[in-house]
Structure formats: structure tokens, C-alpha cells
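Two complexes, one shared chain (chain A), two partners (chain B, chain C).
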Partner chain A sequence: MMALCRNAFARDLRPYTLLGIVIVIVGVIDHGTGFFFRGATLFSIMQIFATYGLVSLAVGLSLLVREFDISVAGMVSLAGAVAVLAGARDPWLGVGLALLVGLVGGAAQGLIITRLGLGSVGVTLGGLLSFQGLTYVLTGNQSISFDHVELALALNAPIGVVLSVRSMIVIAAFVLAAVVMQFSRVGRDILATGGDRRASTMAGVNTGGIVFGVFAASGLLCALSGVVLSYGLAAASPAALSDVLAPAAAGAIIGGVSVVGGRGRPAGIAAGVLVLCVLRSGLNAAGASADMLDIATGLVLLLIAVLDAPELARRLTEWRLHRRGA
Partner chain B sequence: MTGALLRVTRAASPALLLRGGGGGALLIWALLTPGFLSRLSLLSMLSAISFVGCVTVGMGFITISGNIMSLALGATVSAASVVFMASLGAGLVPAVLIALLFGAAITAAQGVVVGYFRANAILVSIAALTLILGIAAHLTGGERIYPGGDGFAFFKGRIWMLPFETWLFAGCALAGQAILSFTRIGRDIIMTGSNREAARTVGVDVPIAVIAAYAIAGATSALAGILLAARYGSGDMDIGGGYEYRAIAAVLVGGIAIRGGAGSVLRGCAGVVVITVIEMVLRLRGYGEEWQYLITGLVLLGVVMAQSEGTRR
Partner chain C sequence: MLLSARGIGKHYGPVEVLRDVSLSVRAGEIRALCGENGAGKSTLVKIITGNQPADSGEITIDGVVATIRSPADAQKLGIALVSQELSLAPNLSVLDNIWLGNETVPLWHRRRALAERARAALDEVGLEGLRLDRQVGTLGIGRQQLVEVARMLTRDARILILDEPTATLSDVEIAHVFEALRRLRARGHAIIYITHRLGEVFEVCDSVSVLRNGALVGDAATGAIDRAGLISAMLGRELGELYPPPRAAPADGRPALSVRALAVPDMVHGIDFSARAGSLTCLAGQIGSGVTEALRALCGLNEAATGEFTIGGRRVPLRSVGRARAAGVRFISENRAGEGIFLRLTIAENLLCGQLRRFSRGGLLRRRAMRTIAGELAAAVAVRPARLDVVAADLSGGNQQKLAFGRIIDGAMPGVLLMNEPTRGVDVGARAEIYRLVRRFCDEGWCVVMASSDLEEVMGLADEVITLYRGRVVRQVGRAAVTMHGLLADITQQQAA
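And now, the complex of A and B:
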């Protein structure tokens, strides 16, 4: 029984265990009203998933190689603005241009980080402010509406009760990422690079190329997220930076991605994001305000940051020995 | 003589040349901007420098301690402004102390986790940011908080031509520099940032040094919150928005190393002046607020790239 418990909370299974726990808790709180297990609620959970999933995946990928891409929030806003502005006549042009901006922006950051040997936090902080600033400049610091309302309706129309085109695009990206990570050499190299970069380089892994590729992919994923979001809302507005970064990081971390690199899976990240989505939907159902979700997200982030801290075990042992000695 | 000359040439690294050249160009650009030397713009720059400067002094301590930045300092500024306004009923001095202690405590809490367990500092600060915003929104309901008493009117005045906040900022910067240069905890913070393991080996209490750096950052951010609240006559959760980004930009532009272990408070202050002058020149030349983020970001990116020599492993 103990062993089972320990296994269930081991990193690889933790996201699914947490997801199960959250579903049970929300189900119990909600029991009787039957709100939670309705199709409409599941649909709204998947819509929230579609909003945060790809950004979480992007942050998670950067954490996998032991970097931290904090520019994601800026790229989501920028790609959304580019898509809406360039897609006014032809929406596909907007999609193409926004994805290109994401790819180029991410690749530029990856190039700076790998070529100059710089820490990713500093570089992506510059990227974050530049992307956000570019968004403000492009939109003139106001919300810009998108005329193709029929497109927004089509993206959000329910498919098979629970899904929509919007959430299916996000799920497809997750499946693709999972396949690449699981079955390709690139996936193995990504994990190896995050686990021990120097050893991987010695073993012949092109670690520089992997880090570069991860940042390019992160930019692309954020751009896709921004396009899907702004087309789905039929508007682009510069989002507050903290509104995106916190849930994105929380999803990845709950999803079992280690901040010290080398561990984590796209499927786990998906489960981690779903934990937050179920939590939000459950709190909504219970009539709690959005503040409670912020507080819950913050607490979970803090808890996992502590649990994953490299010196936690050592400190605990120290304190236990100290108490025994005293 | 030749030795001195050699030293000078060697000191003139590309980063230094870039910094000197950039500073000179900025100065010329500023002086060529009509209205830059007007009384109004100088006074408004002094105020802006003072508000951002307090946060920068604190952010500098976090950077030097080897933890890059806390994304929660802007929210700490806001929360401290609310706490200050709400506790003014108890009198001015108690309110100031409560707000300072509040800022120091919530930021030191991040330092505890980072210092003792070596948790990821950026992640912890994102968690703290989310918690501060969530709890504050829950408690205030998003409302603006008006003073529960008066007595802060003289905060808006001037002493010897300079705004009150400028004097406090100057005191804050000098005190910060004194702590860093002349006290044991300051030395410990620098050593921790330079090499955590080596610092531990020579007997530095690394967790305490990190917690001290965070506590100082929280207190100086709270000071900015108090000054902003006094200036606007109310406190709210938007008052410090974006201050964390301006402060880290100032820290890096001033030349404090992003990897930690090197730099001074006064360098951070120089960075604040540069950032504020850029913002003022942009505003005077008719570029809206939206350009400030972009320019700040590009400058930050350039400065980080210029630090690459020192960071290459």
C-alpha cells in the first residue's frame, strides 16, 4: 500500500494522480448538482485547455533542456496581434505570418543563447519585453477586433460534445510532440541534453542544435497558441504578462517536468494543464472567484518548486540529525 | 606610466566601450530633445528615478546574490502601497514600518525557499507573484485603498529643490551600497552569488545570505510602494505594475552581472538613470507608452548580449 502510494506520487505518475485527485475532489464538492459531469462543463474544460496547453508545452520543452523560456507570454500576444492584423483579408496569411514570427523570434533567442553561451532567463527576459513592446506598437496599445467572426464561431463550435476545432488543434500538437519525444532520436537527445549537457556533448549529441531547436519550437508553439486564441476570440489584445506565464509554468511543473532538466513528457504536461483546467472549472462551479484559482495556482507552484528543489532532501536530513543530536 | 596605460586599454573592453559610447550617444540625444532640460521634465524624471530606483536597489541585491531576479517585486510594490494606506490609521511611522516589514517578510519568504532548498528562483517568484495578486484581489476586491489617516502630506513636498522621494531614494541607495561594501552580510551575499559552493566551504551561511538579499529587496520595494502611495494619495494593486521589469532592466543596463557575484548598488542606480532618460526622451519626442516596452526590451537584450564574455563557461 505504501509502495503503491509512493509510486503514484513518483514524478512520472504524479500528474495523472493529481488529475485523478482533483477530479474526485471537484466531483465530491459538486455532488448532487451534477454540474461537473455534464458535457458542457467538459467542453469548457477543454476550451480552457486549448488556451493554456501549448504555452505550457513550450515552457515545458525549455525546462526539459534545463533552460527557462520566459518570453512565452510576449510571443503569444505578438503572434495573436500579427495574425489578426495580417489576416484581415486572408486569415491564412495571418496564420502563416504569425507562425513565421514565432519561429524566427524563438530561433533568434535560441541562436543568441547557444552562440553566445548566455543564460536563457536574461535573453528571454529581453525577448519577453521586446515581443510585448512590439505587440503594443502594432496594436497601438488597444484591443483590435477581427472581422472574421464566422471563423471564431467555427473554431469554437462543439464537435462531439466535448471538443472543438480549437481544442483539437492543441491536442494534435500535443500528440505530435509526444510522438517526437517518444520515438525519435531528437526526443532522446532532448532528454539527454537536459539531464547532463556536458556528458551528452561528449557522447556526440549536438546539444547546441538541440537547445536552439527547442527555443525555435517554443516560439512556434506560442505563436500557434496566440493565433488559435486570437482567432477564437475574434480579437487580439496585449495580455498582462503574468496572466500567461504563471499558469503555463504551473501546468508544465505539475505535469512532472523537472526544473533541473531531463525529465518530463508531453502527456504529463497535458495532464498537468488539465489539473489547472479542472480546478478552475470546479472553483467556478463552487461559485468561487478567479482570485481563488490564482491562490491555488500559486500554492501548487510553490509546493512543487520546494519538492523539486535539489537541496530539499539534504536539508531535511540535516534537520532530522540535528534534532536527534540535540 | 606604461603600466597604467596598459591597464586603461585592457579595461576598455568591448562591453565598456559599448556602455560608454551608448551613454554618450544617449546624452547627446537627450540634450538635443526640446524640453528635456525644462524644470518640469527634470522634476518628473527625478521622481521616476526615485520610484524605480528603490526597486532597482533591491533587485540588484537579488541579482548579485546569484538569483537573477524576482518577478514578484512589482506586485510587492503594489501590495505595500495598499498595506501602507490601510494602516495609516495607526499613525505615519507605524504605517511606514508595517509596510516595510510586510514587503521584507513576503520577499524574505521567497528567499527562505531559494536559500535553504535551492529551489528555482524564477519559479518561486512566479508562484509568489500569483499568490500576492490572488490574495490581494481577494482581500481588496480590486478596490483602490484610500488613506486611513493623514500625515503623509510632506511626502509630496520638496526639500532643497528636490522632491522628497529623491532624498529617500538617495538614502536607500547609499545604505544599500554601504551594506554591500562594508558589512559582513554584504560580503556574504557577493560571495554566495559568485560561487555558492565555494562560499559554503569558507564558512558563509549561504541560506542566510540569500534570505538577507531577498529581505532587503522586499524592504526597498515596499519603500517604493509607500512613496508611490503618498504621491498618488491612494494605494492599489496596479500601482507597481511593470516595476519588476524596469528594475531588472536598470540592474543589467547598469552593468551588474546577470550571473551574480559582481556589481554594485550604484551601478544599478546608473542603470535607472539611463532607463528613465530613455523613457523621458521617447515621451518628449512623441512616442507613446507602447514604445517604451519595446525599447527597454531591445536595450535589455543588447546589454545581456554584451555581457556574454563574462558568462561563457
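And now, the complex of A and C:
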């Protein structure tokens, strides 16, 4: 029983355990009203997942190589604005241009970080402000609407009760990331780079290329997220999702990504984001305010930090020895 | 010649670290590369393996001039390095680490075929029992080293460079490495073997190149040179007696330190021993015997340690560094960079940082007094006082270790000095100084207990030897009764051949 508990809270399984626990708790709070287990609620959970999932994946990838991409919120807004502006006549042109902006923006940050050997926090903070500034310039600091409302409706139309095109795009991106991480050499190299960059370089891994690629991929994922969001809302706002970084990072960390790099999986990140989505949906259903969600998220993160603490492990060992009377 | 480097030169800023160095190695040859720390061995290796560009000179492979600009270039040319700093990702499995960075692994691959070849390589270096999915970070340093050697085997490298592969290994593990090397030599690989242990040069190598101050000063077959000749080539002078003479009169009989039923889960299973003030007691054992863990436990560094530890009849609580220090215990770690000194601080800061209370008045530091004492401490451990403001990272391993000794001298009464592998990564010249330093601590009345896996060092230095095998004491013997044969038999529990 003890061993089972320990395994369930070991890093690899923890996101799923937490997801289960959160579902049970929300179910209990909900008790009997049946609100939570309605199809509409599940649909809305997946819609929230579609909003945060890709950004969380992007942040998670950067954490995997022991970096931190702060610029995600800026890139989401910028790509959203580019897509809406450039896609006024041909939506596909908007998609292409927005993804290109994401790729180039991410690659530029990756290049600065690897070539100049700078810390990612500083560089991507600069990226965040630049992308945000560009968005304000492009949009004239106001929300701009997207005329293809039929596209927004199509993106959000329920498919099989809980899914939509929007959420399926995000799920597809997660599946792709999971396949790359699990079955390709690049996946191993990413984990190795995050685990010990010097050792990986010595072993022959092109760690500079890996870090560069991760930032380019992060930019691309954020751009995709921005496109899907702005097309889904039929509008782009310079302030859209400006506070996405905290929940995105929280999702990745709850999802088992180590903040010191080298550990974590896309499937875990998905579960971590779902924990937040379920919490939010459950709290909404219970009539709690949005602040409650922040507090609940904070408590979950705190729990995880405590579970990871070496100090706790030490004290538990001491306590066990003490009980044994040694 | 399989590999031939000619006229290699290299500057770091204004400092010339390599001057017109040539080195070549045939297929089926193991060539030792010797030299004191700072002689230029590591730089030469970095150039051959593409981790550093050379300023001048050329490298040919099979007589063809080779361009080596990156580790990947070197790998394509069949050059592989097992570095002193391991190149394993601790978070990945043994299998993933073996194939990490291998240019021949396709982007998408089937792991089963890779697993079979990895298994064969692991078997070849004597890791038959090691599971492929074991996380590398959970392995001991010795087994990690062997995983690295196994990785080289899977790369079919023709030119293998091993940078002090045995510095952290136990004798049984060293025997495995040597076995693997001889097998590779028989298959026609060329091997460059860097070591500080001169015995290994004669045991496993065919030829030896000696560097001193960035220049090649010796190149000979191992049959044509003897130990003394090798040492004088490395030092450029005769080495006095490496080990200082033992104390003429035996230390007074009272045990300064006594340990009863010391245990660390999975590592040390109830060991008893005592040590006298003014004498040097060596705990000898292989990696895994529990010697290092036992000493760490006595310093309060193991949270799960149990047992009874007394100094001068007074009980010292385990599991607390602070209380161990208060009882007069001082520790020199086997992990110099991580636990011994502060690499980014200067010599003066390193020497004083543990005893700032002595120089503070009302919370403010008295700089002049600090300067004076730092100078005295530096002189006491034979570090040139003129270098007080040099950053510790720029010092050789030997000088860094001297700093670790200097930090201990803090005006307290002579107490108990515990050391793990104090000469690891220290060259022959600096070793002699460290040994003299250790002896001086003894003469001043310290009770010194040292863990070592270098049997030659144990034989040369110890007043008393305690041998351990798998966490239990085998024997405690006085200096006079110590033989190499006996030590080896004790710590391996096999009849030494």
C-alpha cells in the first residue's frame, strides 16, 4: 500500500494521479447535481485545454532543456494579431504568416541564446516585451475583429460531444510531440541536454542545435496557439492571454517536468494542463470566483514542490529510523 | 602510424600551454601520456578530440591530414574519448547513454537492435549484471566509467583516448578496464592512456610520452625506461622520497577516537575501530567497501547513520555536521570542486571563509587581520602567499587540495582530521607535498583518519591500516605488518595472484 502510494506520486505517474484526485474532488463537491459530468462541462474543459495546452507544451519543452521561455504570452498575442490581419481575405495566408512569425521569432531567440551563450530568462524577457510591443503597434492598441465568423463557429463546433477542431489540433500537436520525444533520437538528445549539457556535448550531442530547435519549436507552438485562439474567438486583442505564462508553467510542472531539466513527457504535460482545466471548471461550477482558481493552483504547485523536496525525503528517513528505534 | 600529431602548439591568451608537441600511436599499441597537472595533457587531448582548436601543427590519420573541428568530426574519424569528467546524462538509462551522441543512430530507430549491441559491449567491460534500463545517475562512479568504455566499444572507435579512467575506480574495476583495453589492443585499436598512477604505465602500456610545461620531454617504449626515469622526466628533477618518514616514536597509546557499531544503510554494516592522536590511520577498501561512506558518516554527512562515535571519551552525535565540527572533527572531501573549496573565490577567501568570526568585530570584518592570517595559512600549507588573490579555479588540483587543508587550520585545538581520497587527481609532485602536510598534522597532535583506494599510498603513508570489505572491517594492522599482498587479499577477499 505504501509502495503503491509512493509509485503513484513518483514523478512519472504523478500528473495522472493528481488528475484523478482532482476529478474525484470536483466530483465530490459537485455531488449529485450532475453538472460536472455533463457533456457540456467536459466540452468546456477541453476548450480551456485547447487554449492553454500548446503554450504549456512550449514552456515544458524549454524547461526540458533546462531553459525557460518567458516570451510565450507575447508570441501568442503577436501571432494571433498577424493571423487576423493577414488572414482577412485568405485565412490560410494568415495561418502561414503567423506560423512563420512564430518560427522566426523563436529561432531568433534560440540563436541569441546559443550563439552568444546568454541566459534564456533575460533573452526571452526581451522577446516577451518586443513581441507584445509589436502586437500593440500592429493592432493600434485595440481589439480587432475577424470577419470569418463561420470559421470561428467551425473551429468551436462540438465533435463527438467533448471535442472540437480547436481541441483536436492541440491534441494532435501533443501526440506529435510525444512521438518525437519517445521514439526519435532528438527526443533522447533533448532529455540528455537538459540532464547534463556539458556531458551531452562531450558525448557528441549537438546541444546548441537542440536548444536552438527547442526555442524555434516553442515559438511555432505559441504561434499555432495564437492562431487557433484568435480564429476561434474571431478577434485578436493585444492583451489576449497576457497572463498565460503562469498557468502554462504551472501545467508543465504539475505535468512532471523538472524545473532543473531533463525530466518530463508531453503526455504528462497534457495531464498537468487538464488538472488546471478540471479545477477551473469545477470551481466555476461550484460558483467560486476566479481568484479561487489561482489559490487552488498555487496549493497544487506547493504540494508538488514539497513532494520533490530532498529535505522531506531526509526527514521521512529519519522518522522511519526513529520509529524502528535504531 | 594510425594517429600522428605533429608540431602541435596552443596558447590560452598570452600563456603558451603546448609548444611543438608531437605524439603518435600505432594500431595495436597502448601509449601512456604522462605529465604533472598543467603539463598540457588535457589540452592536447582536447585538440585531438575536436574540443579545442590548435594554433599550429597538424594531425594525420592513416597518413592523411585530418581536419578536426568538433567532437562530431573526431567521432567520424574514429576517435573516441573517455574523459575524466564523465559524459553521461544522469537522467537517462544505460541504454540511452550508450547510444547518446552516436552519429550512426538514425533519427527514428528500433531500440531492440541497439539494445543487443549495447548488451554485448557491457558484457565486454564486465558489466554483465547491469540492466539496460537502469538510470545512470543511480550508478556508482566506477560503474559509470565502465559504461563510458562500453559506449566507446559500440562506436567502433579505432583510436581510443582514456583520460585517467582509473582515478576513481577500485582495483577490481581497474582490472576490468585493463582487460577491456588489452582486448581492444589485440583487435588493433590504438589507445592513448593518460594516468597519474605510474604503476599502470608499466602494467598495461607499450610506450610512454611525457609532457612537461607544454613540451614533449620523453618518448620511449615502457621496456626502455624505469620508474625513476619516468618520474624525473615528468618533474624535471629527482623526486625526493615521495612518502615522508613515519613518526620515529609511536604515538602515545591513548585512543583519541573510537567508533563502535557504525552503520549506514546498505553501505556500512557495523564497523568498530579506534585511532590514536598523532598517528595516521588509513581505511583501505575498494569502491563499495564503505570506506568513504563511513568517514562521511563520522562527519555528520549521512542522515541515516547510526552507531557510537567518541572523541577523547566524549560522545559525538552522528547526523549533524555542526556538532561534529564543534567536537573537533574536520573533513576533507573526495569531491574537491563540490565540497572542498569554492572554485570562484580567491585563495584568501577560501582560506578564511570558515572562520570569519575570528576576524569580526561588531559584525564588521577587520581586513588587515584577515590579510595577515590568510598569508600565514597559505604559508602553512605551502601555497605562495603572493598568490592570495588568485581564483581557486585557476589552481592545479594539488594546490586546490592544499587550500582544502589550509581551511581546516582555524586556531582550534588539534582535533580529528578525516579525509577521503586526498590525492585524487593530484600529480606526483604535489602528492609528495600533500603527504608531508598530512604528516605535519599528525606531528602537531591531530588524529588523522584517511580513506584511500590507492594501495601504494596506503602502504607508504599509514601508521595503522584498517581494511574493509563490503561494509565490514576485515583487519586492523600496524605499519610493520602491512604487505601489499595482504592488503589486496583483505579488500578483495580473494587470493591475490
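Observations on the model:
Basically, the second predicted complex is superposed on the first by the 296 of 326 C-alpha atoms of A that agree within 3 Å, B and C clash if a C-alpha of one lies under 4 Å from a C-alpha of the other, contacts with A are read in each partner's own complex, and residues count from 1 in each chain.
Note that contacts are C-beta pairs under 8 Å (C-beta built on N, C-alpha and C of every residue); 3 or more make two chains touch, one makes a residue touch a chain.
Given the structure is predicted, the values throughout are model-derived calculations rather than measurements.
When both complexes are overlaid on chain A, the residue A:299 reaches chain B alone and has no touch with chain C. Of the two partner chains, chain B is the only one touched by A:127; chain C is not. Within the superposed three-chain model, A:40 lies out of touch with both chain B and chain C [touch as defined at top]. By the touch criterion defined above, A:116 lies against chain B but remains apart from chain C after alignment on the C-alpha atoms of chain A.
Residue contacts after overlaying the shared chain place A:262 against chain C, while chain B stays out of touching range.
Touch criterion met: A:70 reaches chain B, while chain C stays clear of it. Comparing chain B with chain C, the partner in contact with more residues of chain A is B.
Those residues of chain B that touch chain A in the shared complex are 68-69, 71, 75, 113, 116-120, 122-124, 126-131, 133-135, 137-138, 245, 248-249, 252, 258-259, 288-298, 300-302, 304-305, 307-308, 311-313.
Against chain A, the residues of chain C that register as touching in their complex are 51, 71-72, 75, 81, 83, 85-92, 96-97, 99-103, 105-109, 151, 303-304, 306, 319. On chain A, the positions that touch chain B within their shared complex are 68, 70, 112, 116-119, 121-123, 125-134, 136-137, 139-141, 242, 245-246, 249-250, 253, 259, 289-295, 297-299, 301-302, 305-306, 308-312, 315. Across the interface of their complex, chain C is touched by residues 183-186, 188-189, 191-192, 194-196, 198-206, 262-263, 314, 317-318, 321, 326 of chain A.
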